[in-house]
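Below you will find the structure I want to go over with you.
Letters A, B, C, D and E mark the chains as written, and numbering starts fresh at 1 in each.
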Amino acid sequence: NPKPQISSENPGTLTIAAASSLKFALDDLLELFRAENQNINVRVTYGSSGNFRTQIEQGAPFDLFLSADRVFPEMLIESGRGEKGSLFDYAVGRMVIWVRDVSPLDPEQSLVDSRVRKIAIANPKHSPYGQAAVAAFKSLGVYEQIKDRFVMGENIAQAAQFVETGAADIGVIALALATAPTMAERGRYWEIPLGHFPTMFQSGVILTNAQNPDAARALLGMMITDSGQELLRAHGFLMPQETQETP
Amino acid sequence: MARDLNIDCKVRFRNGPEIAPQAVFSGAPGRTTALFGPSGSGKTTILRLAAGLTLPVSGNIRCGETIWSDDRTFCPVQKRRIGFVFQDYALFPHISVLGNILYHLDNKDTALRDAAFALIDKLGLQGLEHRRPAALSGGQRQRVALARAVIRRPHWLFLDEPMAALDQTTRLTVRTELREFLQREKIPTLIVTHEFNELAELADDIALIADGRVIQHGPTREVLRQPSSLTAARLLQFENIFSSEDKSPLPVAKKSTGIAFRAEFVHIEKPETPTLAGRIFIPVRITRIRSEGPLVRLTGEAGNTLIEAAITSQNHAAWMQPGHRACLSIDQRDVASIPLRG
Amino acid sequence: MARDLNIDCKVRFRNGPEIAPQAVFSGAPGRTTALFGPSGSGKTTILRLAAGLTLPVSGNIRCGETIWSDDRTFCPVQKRRIGFVFQDYALFPHISVLGNILYHLDNKDTALRDAAFALIDKLGLQGLEHRRPAALSGGQRQRVALARAVIRRPHWLFLDEPMAALDQTTRLTVRTELREFLQREKIPTLIVTHEFNELAELADDIALIADGRVIQHGPTREVLRQPSSLTAARLLQFENIFSSEDKSPLPVAKKSTGIAFRAEFVHIEKPETPTLAGRIFIPVRITRIRSEGPLVRLTGEAGNTLIEAAITSQNHAAWMQPGHRACLSIDQRDVASIPLRG
Amino acid sequence: MIDWESIALTARLAAVTSVILLVLGLPLAWWLARTRWRGAVLVEAVVALPLVLPPTVLGFYVLLMLGSNSPLGQFYEGVTGTLLPFSFRGLVVASVIFSLPFAVQPFLAGFRAIDPRLLEASYSLGSGRFHTFFWIGLPLAWPGLLAGCVLSFAHTLGEFGVALMVGGNIAGVTRTVSISIYDSVQAMDYATAGWTSAILLVTSFTILAVTFTLQRKFVSTWPGT
Amino acid sequence: MIDWESIALTARLAAVTSVILLVLGLPLAWWLARTRWRGAVLVEAVVALPLVLPPTVLGFYVLLMLGSNSPLGQFYEGVTGTLLPFSFRGLVVASVIFSLPFAVQPFLAGFRAIDPRLLEASYSLGSGRFHTFFWIGLPLAWPGLLAGCVLSFAHTLGEFGVALMVGGNIAGVTRTVSISIYDSVQAMDYATAGWTSAILLVTSFTILAVTFTLQRKFVSTWPGT
């Protein structure tokens, strides 16, 4: 892919709003980016994609929004806050069942294990991973049987903490999180096969009032370079072209 | 007069009495009016009305030509340039004695500071300047409250039992200093007191208060000599009061409701002492003798009524014993004839 | 005696005086001891020490055989079964008059309620039972405080100027009722008062307080007659005090520091009155005459000293005018000879 | 749809928490106000500390403290056989910890404002510490007590960081109305969020206004002692 | 790595917010304590209301209120040319709204505890409302004022829902230390979260303990009037 050039006269600051689950991948990616664009000062804020959407609707000064799903960027484009045509799937989320190291549970079998009292998921009401988890449970045919054991975090990070602190026995979280250093050290996981839940495309969009759209474009470009994709893959994401959409 | 305090108003406490004073208190420079009346008669309330601390429900209050309070206008306390000594002092607990005295005055003004220290000296508060009120005795607090009120040379001074917590000696000093100060600074004053001595020493006028009303008001001497009603006589502690319905041992004038005279004007002599013109003589049997401070109080029975006499030890002879006969006498001029009401 | 109050302790206020009373107050049933002394002398502090409201820094306090306070033990106030009337009442502002009086007592106990209503009647508080303290006058509050303290028939009663805010008439009633109550209930009492009348009427014993110490303590009559020091004489308001260094107009015994006598024991007669055995006669020139309540006070000059006499109007003759000569006389027995110190 | 279940649960939580806060907070504040022990300032500071942490983080630490890895959590599990986190009881514990400063600080202010003479008077009338606390301390400290109750009650309604972390958002067990509103907002169901907020606000407003009115009517300041 | 930038920013925020709360809250509480107007209870209730909403939701509404779609936001943008949300100023506004009840309720309790006789005395000495407020009202209400300052200061440090929503978590501009800790916890960076929390706790603890000690030493209760 051709590498978009950034004019060195117009460096400035690149302000990114990124989904929390992207934290580990993006931090590494940005290291690479900074090395190549030393004149660009990158500022990134991680948080809830839903909150970012609300804030951007209200004029939050971001250049680039890397959402944890595709819905929010689409809404922004519709409302005119997102640049038409800049929508772009940068990764696909993968999902795992995570247990602590010290747990006697086998993550793969744990959904039907009677020792499991609490199952941590992200809130399916508003979190894409929560919705995916519920879909997967239904697809695996265990939903009715386990739905009373759910405890719901506001996002996957909180779901992970429920398990990590020992308060919940297993949790459904993003692979991106399970491969993060702290989590990897402390637990084991089993990936839920992709077919059991709708494909979670994660999309980014450049915002219309971006101060530095060129830099944003440069970063997007970098994410689809080989080295960029390598990094994303290493951090637990799939590339959009590696999947077919499942309904 | 320029600062006469004209009060004619009313306040009604919920579940309480109605206080409706009506009087013109003289605002002549340095003139002091004493409010005198039983506990609960409304003295404090009258002071508070005058000061603007209690709002009247109706009526008006004027100070000279200035309206302090009527149906439409109300001059707030802080604009009235008054001084108030509260019955319970109300010192500021977080400020030193000196700070209390100089409250809201220019702390840097050396003349004022000198005046404050002079007052502190005169009131016997030396060495307490930097104490907080909590570290003072009751009487010391009361003197601080007095100093705080007078130092700002108010246009009117309201003192609510300002010496009640003082011992007799301190009271005498304070009273003298206060009198001098008020005369010198020409401040008209309303003072509540329960002490006869204070009445005589401090007050130019007396207003007798009963049931929330001013029942008699006039120069001290006159009021003390001539109560205008039986109630007034009782308030003024005339020991001997006879209404015209009573079987009085003394002749009661037709056009009066009764007579009253003080025990200390009654002389006691041996029975059958020759009578004197201008004096009324009443033969009695002594029923009771008791000493009260410097005085000896004798009660004599004449017919069905009792008459009290008060004498000093000088006149207290050995023969004056309960059961013995004696002759009481009183100068006709010392017998107050109480006019008919209305 | 079973309940004698033995106090020998000390407290030192930061930036304040040291109060170190040492006395045994009689706990005989119904016996009343008055604390008498100038403002700031430590009367309240002594009561507070006795009650356990102020902690002594050293020394001990015993009530009969019970140790109330010493180096090791301290009996908290609420265990001492005392009654305390505070100088500033300290009524509970959120409770009605009746509630204050019956505080911490069984509200349902009809005998107690009857007692409370009886007290309310006797103290002239009828109709105020359900008012909050804020809706009472100063004197009414003080009477509530008194009722609250006495109704629980304490083993010891401490009264801090319990009638200071009352008018003379109410004071008389309250004093009489109080005296009767204390006698009937056999409660030993310590009372602070500034009133001579109260001393004589209420107190069996007097303790004179000066500078935080008990400087004289004994039966009322004796103390009033015979002060043990010049300070005591001054506290007791002897008008005529002559130390042996002064040029006394009267002979001063060798073994004494001075003499003192009261103005009301001094007779005044025409000059050149024949002398009488047992009486000392002093020719004087009258320098000042002023009336004070029921009394007329005359000052006479003899040599370089002034002597004061107090007479009633009965003895006040027309010839007694400033500048005129007169003869003062006093019974030798009325002259207190003040012993040497130590 | 408005989540009535959460509303009922929140009412229950607020009631239980308030009662516990009174039972714990009043004696603690009374003691802090009266003690002369110098270390009391440290206790006072510690009580205020939960406030300075972001609620979610506090919740995380509380979860660590109560979870089945902790001695406390294991002890509780041993005794009751159930987990403390993700239960109503756990929620109550968390609520109490977090609302304690809102209760204790104003209580303390209320007790501090009491004229010590009145306590002395009470003792002199034979009333012990306990009786004095109830009959003099509490009524005279009412402005502070009211402020403490209002703040801790309102805060228990609105708190959601700790409640979510320790409670786990289980419908009917630990889903409070504030979590429910949060969820609606996150799910962009602004109508439900708005209505539920409105109900919460109107109810709270009514409760507060009635409380304040009653207080002004019956418990006006107590001058005159 | 500990986020010193956020710590500095938070200190600045807490200071500015506290000052504004004093300036707004003290007169408001004084007025509420003294007025006889019946409607005052409604004002009092309204002031307490922000508490009952979950912070994030409150933040959401505040954001809508201040955002560039609202008349208020547009007015501000028209005057200053900048947006109020996502700026330090916006953060201050949000902080003040949310901390107001923590300040006002204890202040109110403090003012209510003042003996009205002392205000009367002050007026009788010629001191007007303003002077009386400063010289009698404030010093005598100190227990309540202290409680209000402690609560609102601590709360400003710990608040994160509203700050996140209205501020937008922009490093160096609106990222407060509590957001920073939250981020660390979300990122599972427990070491940083722990250290930052520890710094926050120790600093707050020290500030509080020193305040409380000074207060006990110099401003002990005022008996004796």
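Note that in this section a contact is a pair of C-beta atoms (placed from the backbone, for glycine too) under 8 Å apart; a residue touches a chain by one contact, two chains touch by 3 or more.
Just so we're clear, the structure is a prediction, and the values are computed from it rather than from any experiment.
Asks: Go through the assembly and pull out the chains touching chain B as well as chain D.
Replies: C, E
Asks: Determine the set of chains touching chain B that also touch chain C.
Replies: Where chain B and chain C might share a partner, there is none at all.
Asks: Please state which pair of chains has more C-beta contact pairs than any other pair.
Replies: D-E
Asks: Comparing centres built from CA atoms, which chain ends up most distant from chain C?
Replies: Greatest centre separation from chain C goes to chain A.
Asks: What whole-Å value do you get for the distance between chain C and chain D if each is reduced to the mean of its CA atoms?
Replies: Inter-chain centre distance comes to 54 Å.
Asks: Indicate the whole-number Å distance between the mean C-alpha point of chain A and the mean C-alpha point of chain D.
Replies: Between these chains, centre-to-centre, one finds 37 Å.
Asks: Name the residues of chain C that each touch 2 or more other chains.
Replies: 88, 135-136 - these are the residues of chain C that touch more than one other chain.
Asks: Where in chain A do residues touch two or more other chains at once?
Replies: 51, 158, 161
Asks: Could you list which residues of chain D touch at least two other chains?
Replies: Within chain D, residues 56, 60, 115, 117, 182, 223 contact more than one other chain.
Asks: For this entry, which pairs of chains touch?
Replies: A-D, A-E, B-C, B-E, C-D, D-E
Asks: Considering only the defined contacts, which chain B positions touch chain E in the complex?
Replies: Chain B residues touching chain E: 51, 53, 76-78, 81-84, 86, 88-94, 103-104, 132-136, 141, 148-149, 152.
Asks: Note which residues of chain E are touching chain A in the complex, please.
Replies: Result: residues 56, 60, 63-64, 67-69, 73, 83, 85-86, 164-165, 168-171, 175, 183, 185-190 of chain E touch chain A.
Asks: Name, in rising order, each residue of chain E that touches chain D in their complex.
Replies: 38, 40-42, 44-46, 48-49, 51-58, 60-61, 101-102, 105-106, 108-110, 112-117, 143-144, 146-147, 150-151, 154-155, 157-161, 178-179, 181-182, 185, 193, 197, 200-201, 204-205, 208-209, 212-213, 216, 221, 223
Asks: Which of the residues in chain C come into contact with chain B in the complex?
Replies: 13, 15-16, 37-40, 42-44, 87-88, 124, 130-131, 135-140, 143, 160-161, 164-171, 194, 196-197, 200-201, 234-235, 237, 262-265, 267-268, 291-295, 310-315, 334
Asks: Residues of chain E touching chain B in their complex?
Replies: It is residues 115, 117-118, 120-128, 131, 135-136, 139-140, 222-225 of chain E that touch chain B.
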